[in-house]
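I've put the structures underneath this note.
In what follows, subunit A forms one complex with subunit B and a second complex with subunit C.
After this line comes the complex of A and B, so read on.
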């Protein structure tokens, strides 16, 4: 695992230098953004097993807040990042407090409902641009507007935030909090009987998850300089996080990265082949992945690897033996 | 008095599962809870563990009132319990399962690990430490449940048929483990169907039938009690009674 981390870090650091073409850089940025939001989702959806299908609400709040402070007061978009985090935390407590008393699918359903409600409200609220959305500064007034002509600085900014989240997740995995999350996922009743404060632990997980999902949204908006209800709060945003984490392996440190590594090139390729007319195809792609995961490997690629790797190893060893003899 | 449950009743809709049952447990005792299937033992047991809130009555433990507090607060107060159907955390390893329990009294990872290692040692699970719990068979899981509870450092342990489904050899091992736990200073309440277990372990037995306590006393006295025999075997046939 140490080796994997090193190789991964090196590859991600070197990627824009090895492939400086703007197209590849753009794919790299999509990868980082999607890996970041899916890793944030993973804390509550993966480790704690509380599947949110409405994480778009935190992403959207995070995306709107920087552009809102710019539009209202001409403040640099970065100043809106803490605002996005605070609103996301309030939302997390608002959704989590009543639903985490219950077990099962209530939380999932509540998250879909709240996210859709917010998307519709934002789409009709003139202060936040209604259906048209919000725009950032067209030309950077100073460095603190973070409008770079090249995408390279964004790449490393995204990478830094992703690295921070993975470090925190790794610490969580080793701590009491992380053990409690996995215990809750395995069985709430048994967890309670061992003194795990189930409701509070789930709420903390959702709050931590919301903070980083909001950050992902903010990074997206600062880089793109534009957000509308669909690109901020769209159902596709929420579903993408679930798909990517589940594809790679929910509840594992690198699962969301593996998922993003598979899905982003796949998505880029399908969009490329079919041109702009293929946007609806994303849903079909996601649907196909859900079907395949549910049928063959609910644990995602992570589980698949652990099922296949020992067999591969044995086969390789068997081949080596005649040479040794 | 360590545990005092007074006049506990629990109804599910119209069905009265427990009707005014009492139980007093002194520190250091091993009390057996027996009775035919459906007698209300498990419901009563779940009321003691905080998994169910009794409809009436009160539960106090070491002087603190626990009737209406959550299951996790029961664990914090020092009541540990196992489940009739093992509820081990299947995707976690044996070591990690016990760690969850150990974290209750030790928030630092290193301290929790020390506690976990000593519990694994005591319960003889150390050779399975790195296996996922789902790979264990029933005896292993039952043992793991006991280990997990032990890691929370309980003063009172409630065992719900922890020995059911074991082979005679496994039962002997489990009895030895329960004895060792008792010797380490833990008070025990055991729900059990296997009379051999109750007779060898329990100092005192409480017999349930139809949600009520119908007899209490030493195990060898209780098995000769007319009401207990009737509860298990039915009323004696008239022809025999003559």
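After this line comes the complex of A and C, so read on.
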């Protein structure tokens, strides 16, 4: 696994240098952004097995906060990042505390309801731009506005945050907390009977997940300099996190990266074919992929690989045998 | 008088909420499974009603029945093709299966029918009824009353008939039911058919009185979550009562706060319920 991480880090570090074309840089940025938010979702949805279908609420809060502090007080957008994190944590506690006492379905139902609730409220609240949304600084006043003409600095900024999250996730995997999460996922009642503090562990996982989802939203808003209810809190945001993590392998460290690696080129290609009217078809495609995943391979590509790899290996060995004889 | 008018309007819409929520609660109570695509079943019922009117020129009885039957079949197909396989699987598969189905159905409907708001062409049901000073359009009145009657019929079907007993037997104890000669798979398929069929019925009834677009499913499924939680796990009568309450709350919040906030109030009520009374009105602590 060590060499895989090394190769991956090298590839991600070298990517903008090898493909400096703005188009590829843009694809790279969307890759990092969705990999980051899907990895954040993965902590609670994958490792803890508590499926959130409304993670867009944390992303949206994270995206609105930087532009809000800029619009209200002219503060640099970065100053809004902690605000986004704090509000996301409050939301996480508000949704997690009541639902984690109950069966797993309640959490999923609550996340989608709260995300929709916030989307409607934000869309009608003039302070946060209502349906029009918020804009960031058009021209950076100083370096701390983080408005770069080139996309290269953003690329490395996103990459650094993603690396931090993966590092934390790896530490979690190996820690007592990680064992608790896996125990809860494979059987809540058994975990409780073994003394795992189930409710608290699930809540901590959601809070950690919310912090990084909010960060992903902030990065998105600072880079784009614009956010509206749909691009912050839209259903597509929540769906993308779920599908990317589940496609690659929910509850695995690199699953979300693999998922993003498959889905971002696929999405770019379908948008290219179908032009501007392709958003609806993107949803149809996502829906289809999600149904097929759930029906045939809930473990995603990760599990598929472990199911197929030994067979491939055997077939290769069988082919080699005649030569040996 | 205006207030009474608002409340009666809310009750009539609430009866329709009760009908499709009864389907959701049946599945939930019987196999501990949440159907995120339930709102899309209602939406499909509406479009099936529209297509029946446009193509076959069927009257209200014809298109309501057509929507109910088509959705019953759809429910059975969804059970055998999808739900049966994920029922014993991990939580992720259970939730993703119908969540993905919801997206698939909703955006396929967008693709076919476009995002425009549509309504049924004028049917034989039209006009306004005067109920002692409260004026109600006839379609609203008929749809609401029919939905209430059908919800009660579903309750009777589940509690007073042999098929109802068999469904409940599977819900109570799958293995014991098998030993009694009941086929759980068949019973669960029927439950899915009944659930989807009631959603289709509700959709067709609602289509007679209210305009809609392909995106209504999300609002309906969230409304159904609130109704089912308020009414208590698996209880059709509870869903009936809760549906009426939610209908009134929604009508009042649209009246006092403005139409855009009517769903906000209902979703906020859901969160409040989860905090303070997750077992619902009728449930035991």
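The working rule: the second predicted complex is superposed on the first by the 323 of 325 C-alpha atoms of A that agree within 3 Å, B and C clash if a C-alpha of one lies under 4 Å from a C-alpha of the other, contacts with A are read in each partner's own complex, and residues count from 1 in each chain.
Throughout what follows, contacts are C-beta pairs under 8 Å (C-beta built on N, C-alpha and C of every residue); 3 or more make two chains touch, one makes a residue touch a chain.
It should be emphasised that the depicted structure is a prediction, and the values quoted were computed from it without experimental measurement.
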{"item": "Which of subunit B and subunit C A:176 touches, first, second, both or neither", "value": "first"}
{"item": "Which superposed partner A:153 touches (first subunit B, second subunit C, both, neither)", "value": "neither"}
{"item": "First (subunit B), second (subunit C), both or neither touched by A:20", "value": "neither"}
{"item": "Subunit B versus subunit C as contact partner of A:290, first or second or both or neither", "value": "second"}
{"item": "Partner chain in contact with A:310 - subunit B first, subunit C second, else both or neither", "value": "neither"}
{"item": "If touched residues of subunit A are counted for subunit B and for subunit C, the larger one", "value": "C"}
{"item": "Which superposed partner A:190 touches (first subunit B, second subunit C, both, neither)", "value": "first"}
{"item": "Touching partner for A:116 - first (subunit B), second (subunit C), both, neither", "value": "second"}
{"item": "Doubly contacted residues of subunit A, that is, touched by subunit B and again by subunit C", "value": "185"}
{"item": "Subunit A-touching residues of subunit C, taken from the complex the two chains share", "value": "28, 32-34, 36, 81-82, 85-86, 89-97, 99-108, 110-111, 218, 222, 225-226, 229, 260-261, 263-264, 267-268, 270-271, 274-275, 278"}
{"item": "Residues of subunit A that touch subunit B when the two form their complex", "value": "174-176, 179-180, 182-183, 185-187, 189-198"}
{"item": "Footprint of subunit A on subunit B - complex, ascending", "value": "49, 51, 70-72, 74-76, 80-81, 83, 87-92, 96, 99-101, 103-104, 107, 109, 112, 148-149, 151-152"}
{"item": "Of subunit A, residues touching subunit C in the complex", "value": "45, 49-51, 53, 94-95, 97-99, 101-106, 108-110, 112-114, 116-117, 120-121, 124, 185, 235, 239, 242, 246, 250, 280-281, 283-284, 286-295, 298"}
